[in-house]
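Taking it in order: structure first as structure tokens, then the write-up.
Chain naming follows the written order as A, B, C, D and E, and within any one chain the residues start at number 1.
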Amino acid sequence: MKINWFKYAATINFYALAGRVIPFFWVAAVILITIGLYWGFFKTPDSLDNGMKEYYRIIFVHLGSVWMAMWLYIMMVFWALVGLVFNTKLSYMMASATSITGALLTVVALATGAIWGKTSWGTWWDWDPKLTTFLILLFIYIGYIALQSAIDDTRRSDKASAVLALVGLALVPVIYSAVNCPDPTQCSSLHQESSMKNIEPNIMKGIIFTTLGFWMYSFATILMRVRNIILQRERNTNWVSKLKEVN
Amino acid sequence: MLSAFWLVLKRDLLLALRRRSEIFTVLFFFLVVISLFPLGVGTEDKTLKQIAPGVVWIAALLASTLALERLFSSDYVDGTLEQLALAPQSMSVMVLAKMVAHWLLTGLPLVLISPLVGLFYHLPSHSIGVMMMVLLIGTPILSMIGAIGAALTLGLRGGGVLVSLLVLPFYLPVMVYGSGAIATSMQQGLSLQPYFMVLGAFALLAIVFSPLATAAALRISLE
Amino acid sequence: MKLEAKNLQCTRGDRELFSDLSFSLEKSQLMMLEGQNGSGKTTLLRALCGLYEPDEGEILWQGKSIKKLDEAYRRELFYLGHLNAIKPDLTVLENLRFNTLLAGDSVTDEALMQALGTIGLFAFEDFPASQLSQGQKRRVSLARLLVSKANLWILDEPFVALDIAAVELLQSIIAKHVEEGGMVILTTHQEVPLTRGKIKRLSLSGGSIKEQVGVNA
Amino acid sequence: MLSAFWLVLKRDLLLALRRRSEIFTVLFFFLVVISLFPLGVGTEDKTLKQIAPGVVWIAALLASTLALERLFSSDYVDGTLEQLALAPQSMSVMVLAKMVAHWLLTGLPLVLISPLVGLFYHLPSHSIGVMMMVLLIGTPILSMIGAIGAALTLGLRGGGVLVSLLVLPFYLPVMVYGSGAIATSMQQGLSLQPYFMVLGAFALLAIVFSPLATAAALRISLE
Amino acid sequence: MKLEAKNLQCTRGDRELFSDLSFSLEKSQLMMLEGQNGSGKTTLLRALCGLYEPDEGEILWQGKSIKKLDEAYRRELFYLGHLNAIKPDLTVLENLRFNTLLAGDSVTDEALMQALGTIGLFAFEDFPASQLSQGQKRRVSLARLLVSKANLWILDEPFVALDIAAVELLQSIIAKHVEEGGMVILTTHQEVPLTRGKIKRLSLSGGSIKEQVGVNA
């Protein structure tokens, strides 16, 4: 059978390139998260003035995962759109790999938040807008993943989930405003007071390190997943069967 | 183009008339959900009034979801959908016709029966009017968003549950503003206009975009 | 009128069904698509209709891409696949009427009744389609051929489930269409003895693609 | 006879495993429905506790109903049901296997995840236990009653009104006693035994009669 | 072994399909059921399986009513209708295994693999059935014939969707079964050239019922 080398060029190169950079992302992730956590545990005051207790330290994980979960959703939609517009297989694979890391980090955000809630409010869960928004973000991630895994045909599953992502892109802001501002007469005053300003600069440094660490972790896992997807989808092509790691 | 719209609409209504059961299933389900809460919650007047707006909308959401799976799947299984896709007409027009039929068969009956909810939950007559109005604007949005999900999941195992999983989070804004309007109507002196504006805007957006998205999704599913 | 396929390639899952497939079909020609089970006949037909996008290559109608032509191409097209597009809850006549109107052919009920009579379903028009036998359902969907104004017919195993009389009838309907300047592409595992018209044969078997042209068998 | 039971059960579970996502889909669907209510009805602590029993049962009913449609219809459409009817084994045994599979795939996951509902709705831990118990007894009844309806709808074209009329009213007592038990458990000093007795009696009746009725209905539908 | 039909009458809707139909079939006999579309072939076959109850008359196996025999009769029976009973989500082998076990034939996986090879699906055993073509699906359900221990085969248009090679293979499988003392009843609109075995022909066309007996065509 004639092999169209050009057709696979993109994936072949990407596969090799990703394989080379993944270790660096892992190293960076481990270093950054370690620094962040070390900072959080040992370089920040034991108890803060306004009565916070030791458990505030979970914020180093909580906030990083919260930010990355939201950012990864945007990345996922972006890749899906690129796939729909240019019909490039690689970007569909990126979207699919991103969705899983994104969903995981959403779960981490919810779990750390819940633990924090149990210690500070005495209840695991409350129907606060911020938390609710995140729960719904999780549902949307899950919907995307569920649709993708329900379809066997890769062509169809790529395109169908991309359409879903596109619909999500249009609807997520609407959902966000509905959850945060159920009464439209008061929507003009809708600006989530980011309590970021209240966070001590000292703590903030730790948070920035862990967030960057999560970012590197996301890169690493997403690239690994894409490599797996490539292998799986092109397992019958010549170039894959020549790979060392397959044989 | 218009002729294709009428053609599909008429056929779907005719099919439903041949098989009246579906309409009744949706209505029954709506009523079961509505009547279960007073049984569980107790019949205190204040509590009933408080939960009524939410319950109506949730019942409408769930009832609409229940009927979604059948929107395209029977046409898919017997090959009619292929023929729709091959007809020399714009697919989104025909899809719109199917959405309209779906709404006439599942949304409209809910609007018409909703005064019964007012009765069960001791709502003031003013609020009953508001409830019917918001349902009238909101249920078509449900049908239209739902159609996208139904098209995406065509022919997949676990279709019914999967569709609901995809679609229910997207229904949220309609529910929030829809039930918000009913709740507000029970308080004195508050304007309902903002609610209707928001819902109206949603409806307009849905009419413009959902037939296109659904038609695209159907073509993908047919490959 | 001319249908051209240029360098088509279709892959399903991991298997390449065919690649670099080119052919053309003109007025008054019938193309028989041959091949073993699973060789890709149905896939090719769906690609020719625009229901399936080939991985590579393009399909042209009158020199223009069918993707660009879109509705204009579909107006010229009649496709019948494995599925009959018959609604069990509608009567025979209602089914036929809906399907013809949908295809853009506006035909009177008398013409439809006549078509039903020709195809051997006289007096069945008010029968619910759910009560038809397999072959009768197939006949209902084939009745559309008698009133269709489409030039290009694409038929996937049209003879399935038909009895001997109906097979002969359908053969004559196809022959007449080709004679009158139409184009037909069909797959079948049975021979189709045409009395007139040019026949092309395209064989997909075993990965090799052969095109034979011959004036009739 | 037992071998036919295991054969069908194993196949149905295998089919579900092929799409592991399907089980998760049911779970997440349940969660989505559960979390819709507070957003629509209100998040006050007292309201949440009051609506919880009804919500759980409605979500369970819906998950069960949505999955029911597929119980026999896919086997019917592809001809497997014919082969089941022609197998040299008792049809009701195989039908029971299908019901068990359906429950394992849609009922059991709900029972297992229901403590999350307790979390969302701030239920006392005692009530969470009761909720799991009644779901454990009640969801099989839903599967079994639903199966009869699903079998009847297979054949009856246009005559399905009767079915929805028949099945929903039968679901209702299960829901009323099921949610009643949960609500009662939140009050001090009331005995739950009567609720469990009634539900247990329902379950027994269902196990004895529904496989027979379903098998008979399937044979009728196949004619 | 003997299958007897006595004074069968079937009415569907308002139409009487056949009445007073009697025939018998014995060891090493093949019965071809002929008739136009809608003449009642499928209905008769389903009645012979016990899936459809005739309005009048009775069907006897070894002199006993099949309704009384119930499971014992079904053990002797292999029926394949228009539908293939193939689950898209299972692999080819899993489908075959389930269907044979269900019919009460306990066969090893090797035997099943061999059957798949014979029927032309070598190396397809782990393919999900959803990815098979129409004809390949039909082949999977026909593979059961190769391992079935049933005496009476009832086949409703078994040749549909098969390519020429597969049709020939199936013909030889049927011939072998008849030769070895089995019984086959089948409908087809194609001729079945058997090389050995006794053929009976029952024609349902036009309300008239004819039974011809002949040793082979």
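Convention: a residue touches a chain if its C-beta (ideal position, glycine included) is under 8 Å from a C-beta of that chain, and two chains touch if they have at least 3 such contacts.
Predicted model, so just to flag it, every value in this text is computed and none were measured.
With steps allowed only between chains in touch, the distance from chain A over to chain D comes to 1.
For chain B, the chain whose average C-alpha position is most distant is E. Averaged C-alpha coordinates put the centre of chain A at 56 Å from the centre of chain E.
Computed centre separation for the pair chain D/chain E is 38 angstrom, with centres defined by C-alpha atoms.
A separation of 24 Å divides the Cα centre of chain B from that of chain D. Distance between chain C and chain D, defined via averaged C-alpha coordinates, is recorded as 46 Å. The residues of chain D that reach two or more other chains are 15, 19, 21-22, 25, 28, 32, 39, 74, 77, 157-158, listed in rising order. Under the contact definition stated at the top, the residues of chain A that touch 2 or more other chains are 139, 142, 146, 150, 153, 179. Counting partner chains per residue, chain E shows two or more touched chains at residues 82, 89, 131.
Across the interface of their complex, chain E is touched by residues 3-4, 7-8, 11, 14-15, 18-19, 74, 77-80, 82-90, 222-223 of chain D.
Listed in rising order, the residues of chain E touching chain C in the complex are 12-13, 35-38, 42, 82, 120, 131-136, 138-139, 157, 160-167, 189-190. Looking at the complex, you find that chain D touches chain B at residues 15, 19, 21-22, 25-26, 28-29, 32-33, 36-37, 39-42, 47, 50-51, 53-54, 57-58, 61-63, 65-67, 69-70, 74, 77, 153, 157-165, 168, 171-172, 175-176, 179-180, 183.
On the side of chain E, the complex with chain D involves touching residues 49-53, 71-72, 74-75, 77, 79, 81-90, 94, 98-99, 101-104.
The touching residues of chain D, when paired with chain A in their complex, are 19-22, 24-25, 28, 31-32, 35, 38-39, 43, 119-120, 122.
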